[in-house]
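Once you scroll down, you'll see the structures, which are given as structure tokens.
After this come two complexes, each holding chain A, first together with chain B and then together with chain C.
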Partner chain A sequence: MNKRKISRRTLLGGAATAAVMLFKSSYGRMIQTAIPESLYTDDPTKVVGPPPGAVGARSPFEHPVKKASDTSSRTPLQDLYGTITPADLHYERHHAGVPVIDPHKYELLIHGMVDKPMVFTLADLKRFPSVSRTCFLECSGNFRSNKETLTPQEICGLTSQSEWTGVMLTTLFREVGVQPRASWFLAEGGDAAVMTRSVPVRKAWDDAMIVYAQNGEAIRPEQGYPARLLLPGWEGNTNVKWLRRLELSDQPFMTREETSRYTYPVKDRIRQFSFEMDARSIITFPAFPQQVEKGWIEIRGIAWSGWGKIAQVEVSTNAGKTWQPARLQEPVLDKAHTAFRYLWQWNGETTEILSRATDETGYTQPTIQQLLNARGADMGGYHLNPVTAWVIQRDGKVLFRPEKWK
Partner chain B sequence: MRLKTYIVLSYITLAACKPTTGSHTALLQDTGSWPASFHIGRRATLAEINALDIDIRPDGKGLPPGQGNALSGQTIYTAKCAACHGTGTAAMNVQLPGPALMNDSAGANRKKLRTIGNYWPYATTIFDYIRRSMPYNAPGTLTPDEVYSITAYLLYANRIIDQQTMMNAASLPAVEMPAKKLFIADDRQGGPEIR
Partner chain C sequence: MNKRKISRRTLLGGAATAAVMLFKSSYGRMIQTAIPESLYTDDPTKVVGPPPGAVGARSPFEHPVKKASDTSSRTPLQDLYGTITPADLHYERHHAGVPVIDPHKYELLIHGMVDKPMVFTLADLKRFPSVSRTCFLECSGNFRSNKETLTPQEICGLTSQSEWTGVMLTTLFREVGVQPRASWFLAEGGDAAVMTRSVPVRKAWDDAMIVYAQNGEAIRPEQGYPARLLLPGWEGNTNVKWLRRLELSDQPFMTREETSRYTYPVKDRIRQFSFEMDARSIITFPAFPQQVEKGWIEIRGIAWSGWGKIAQVEVSTNAGKTWQPARLQEPVLDKAHTAFRYLWQWNGETTEILSRATDETGYTQPTIQQLLNARGADMGGYHLNPVTAWVIQRDGKVLFRPEKWK
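Up next, the complex of A and B:
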């Protein structure tokens, strides 16, 4: 790097060198960072740009950010294109902060109802036959609707999508010899909450993975570095991060996160072990706080289902009176965010636009009233996936239509 | 509580399956040519397992030796828990970092305040959760006697056991929680019905 720096000075000199931002990292290496917007010139054809660097950075004109609370951090759905969430914008939800785990000391223990209790290092996990899979991860407490001034990020930004790489859980279960009577396993994280969930073994035989990579690189600390459980389509909390232990059993363990949390009233009972995320969609454009103009508008959004593929997304531009099919972006993947688009000519009159998803099991995203009818007035905040509407005002301003039920 | 019964196939059967058409995106690997074992990883020792195996099942499996009752528990609760969770039995006007844990009567209206007394189905969960992750600022520092004591105090404060009853590996799993009867397994199964 030092050599490059000198050569650039020699070649460019003066003003151009001021645009090359080199600084010393905490490891003592010279690295390149983004060039501040203020240093851009009116005519980039007259200034040679910075040389190839070690790590890229976003354009200084782009500022997508997560929106953080004390307990979670939401993906800016309205700022994304396509279906992959950049790893640094993946939503976060953790129960005692993000642990720092040395990958060289990391171990995964699998024990309980197995023939051979075993320990796997991270290097061990990477040696097994590997698989990549693109799917969404969604927190099951992912619906807010209390006011008009909510963005898609604030309504349901606790969903994100990545290409995950790792080892099928069946591959490891095969190695340890899971006993036929084992019907549940405990997944335990190595964070300060030492968070645990019980998972039916059937999910392992279906499509569960232990993943160590996300979008082509090592998993980010916030997503479970160096390895996590991935249960495609199942509520985010069951996808235990910083995974340190799996224990096979013939019954669930009834941990705090599957009894007093992540359960919800349905009529006069409390529903437990509610794993799959039901089909859902959200229009991400146009959305609050955008303002649109009369004329052609491509309505854009994402749809997803934890039960399988999205079969159809319908859009209404007249407050739900009639519905038209939206175009789905191929390939439509199993248990994955699916981009949809609908071309609409807005006549400038006040209206409401809505979307509703249907998955391959024939389930259509419900209204809040349908959810209330099914679960009762005290239905709580988990697993809510209602159709939502954006109000387009005459002046082009877009507002969320709050759904009130409490 | 009634749980779904799942059909568990032996892994040998499934490992032999070829990828099939349908909703699963060619994830099942063709394992026909795989060896019986890759010989990757090492056998876990009993000491290694015991060092990590801290979970408590509803039947009490995993509970360590030790005991405590609500009298000793209240002192520890006041010192180590009350700063976040409060000491009262009603929701307070100030926002505390942790949720309220007690209600004035077992089975009290859970719409107003969800607590151990009206929402937690198993007493063993209290012990398991406190031991692994509390106090929030010093997780994993309580002794088994302290955890038994705090658990006993929380059960007492929720009007489930009396103040003198010792909680230990035998008595804790035997505590019947008022909310247990409310819990049902998920009955959603995919398909058109809204549940």
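Up next, the complex of A and C:
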């Protein structure tokens, strides 16, 4: 619902070109020229357009972008539709930038408590039986709540969804002969952070994959080209990108990313190895900075759970007093962003709209107060999935309702 | 499985840049600079990579491209994985190029045999209850067979798949009050061809949509930005792009695209209004120009049917003597590309591999001979879906087996 108005003047002048040139991408730049004046017309039926190209491009009237910092970038959830995230808008969270990896030199070593340590090239990985699955990824630090003027992208844009293709990790584990005593494995990335995480072997026997493709094409550099670990439903950082080594062991490796980071207080204890991302939902329309009119409004959003399928999404249009079930877009997939929609007639009075997700385990997305009750006042910044509320003002303006807890 | 080798020299020199600059896209150009020398290293763990960007980009080692003529471009099926076609690789078939349409000026008129003729803006369309569905599109002229050195892209790359989002056409038809006598509607595009097709109203009551989003984002210009008709399973040209007018009537309109084109001989008669695309499949690996080695090979491909779900794909590895069922990737969706896989141990002898699809109506993809028997020797160029065979030579080279019929 990108309603940014672009005049002919803007399109034909330098502004649009300049704006597009600002969209810097990894390794280089993408430059899209403005529309040639000869093509811009009040009657497109009178002007023959350009022929097909070798690759397509967005309309010059559309430019969804990620909000990027030095270490992360956020998917523009409020600009998207359905359940697939375009690969170039997938969120990023890196610990030492995006490495350049030559796929012809890529190698994955699997060793440790295995009968036969092996090195796999990318071509080797592609020769094994392949599987595709659609699931979300989410950074465990995916929550902001400091002001009214936050967009869905700013609140929780560290989640995206792709159709991934690759080889089941079990296939490789059988190949190397993982020993019965092995209960953990280390996953190590080939970036300059040499990102490492310990993963229980049970996840491999469940649904872990090594993936080399995303949304139909080779995985993008920002997502781990040429191959990454995929642990469906588990916190993003465990899905190690640019994967170069798996080491089997009978205990976790206690790496920096599971001792000094990615742990959080739960009352008077510290929770470590908190893998599954709990059920969550967010309304992406209407949301800040959109403005709505009185009458029928389709409330739209996405819901997801790292524990399985979304069973129900409820919507409240009266600040949480009552809740009604939203429509879920079929097919509802396991550990996947699920689009929900709820048709609502707004009477023009100030109100708050909220959504809450319940997954197939029966777990329901908590309020911030329920989170506080469960985890204590000092919750840290990880695994926060509270119900999100939007305030709709009488003038139709939509604002985020910040949650204050510290 | 793009195995094109790129040396460091190529990447750093002018060649890579020049190659990428050749990838002309609609309206403008995409330019991707070569990898800065500082990032290219034999040990990526020693070099901090660039930070996240506002939009991502493909790896410089990957460049799938469409094969484009003046009027069409073909999806590189042999370079893809899974079931989603990246939006910028979606096939194109235009009758007067790609028009530039300002979404703020876009209007869709629905008139004719309706109680209340109405004009809908893009914002109007987006206010209605929305639906997402994943399905394929396919040009009715999607077949080539003239030589051994054809890739899947060249044989049948005029098919692609997206997740589409928009409004059900029934929603709009109820809004305007389509009269009971109306049995056809005209769909008219806003391009310089003013592309028109007549569509039976029954398709609207079944599953037709007006879509404004594709694979999570606004629909691409080449696919009808800002809105197109989507008739799941029906021949591509009826899914009118840049849709600007629907006119209800009690008879078809006999437009140029259904009289002089998009009709074909069936024995001594001409078939008109042949909407559904019949079940089809193609093996995309191994395929020309790939080369394989003796041993285990996962045969991979896609199958689809405009009549419903794919029920079965069978693979033959002995030139059609015997057939075995392939694995289908779940979930199998209605009128959707369905990935199939079949694990095969190649003994190194020359052979032919084939696939054939059966849909839920019980229809099985025919051989070229069966097509000839059903339609006569002068079959024309539309709705050809024969079983495709690849010859695997002793040296592992894979060639297409052309079908001669005229």
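For the reader, a short list of remarks on this structure follows.
Following the convention adopted for this analysis, the second predicted complex is superposed on the first by the 367 of 406 C-alpha atoms of A that agree within 3 Å, B and C clash if a C-alpha of one lies under 4 Å from a C-alpha of the other, contacts with A are read in each partner's own complex, and residues count from 1 in each chain.
Keep this in mind: contacts are C-beta pairs under 8 Å (C-beta built on N, C-alpha and C of every residue); 3 or more make two chains touch, one makes a residue touch a chain.
Please read all numbers here as calculations on a predicted model, not as lab measurements.
Look at A:397: by the touch rule set out above, it reaches neither chain B nor chain C.
Using the contact criterion defined above for the overlaid structures, shared-chain residue A:275 touches chain B, although it does not reach chain C. Once chain A of one complex is fitted onto chain A of the other, the partner contacts of A:90 are limited to chain C, with no touch recorded for chain B. In the superposition on chain A, A:99 makes contact with chain C only, not with chain B. Of the two partner chains placed by the overlay, only chain B lies in contact with A:207; chain C stays clear of it. Looking at the shared chain after the overlay, A:55 reaches chain C, while chain B stays out of its contact range. Taking chain A as the reference, the larger set of touched residues comes from C, when chain B and chain C are compared. By the document's definition of touching, both partners, chain B and chain C, reach A:194.
In the superposition on chain A, contact of A:371 is made with chain B only, not with chain C. Touched by chain B in one complex and by chain C in the other are residues 96, 127-129, 131, 192, 194, 333 of chain A.
The part of chain C that touches chain A in the complex is made up of residues 1-3, 5, 8, 22-36, 39-42, 44-62, 64-73, 79-90, 92, 94, 96-105, 123, 126-132, 163-165, 190-192, 194, 212-213, 215-218, 220-223, 225-226, 242, 296-298, 300, 329, 331, 333, 339, 341, 343.
On the side of chain B, the complex with chain A involves touching residues 1, 3-4, 6-11, 14-15, 23-25, 27, 29, 31, 34, 37-38, 40-44, 48-49, 52-59, 110-111, 114, 116, 119-122, 124-125, 128-129, 132-133, 136, 139-140, 179, 182-188, 190-195. Taken in their complex, chain A has these residues touching chain B: 95-96, 109-111, 116-121, 124, 127-129, 131, 133, 168, 170-171, 173-175, 178, 180-183, 186, 188, 192-196, 200-202, 205-207, 244-245, 247, 249, 251-256, 259-260, 263, 265-266, 268-276, 278, 307-309, 333-334, 359-364, 366, 370-371, 373-375, 378.
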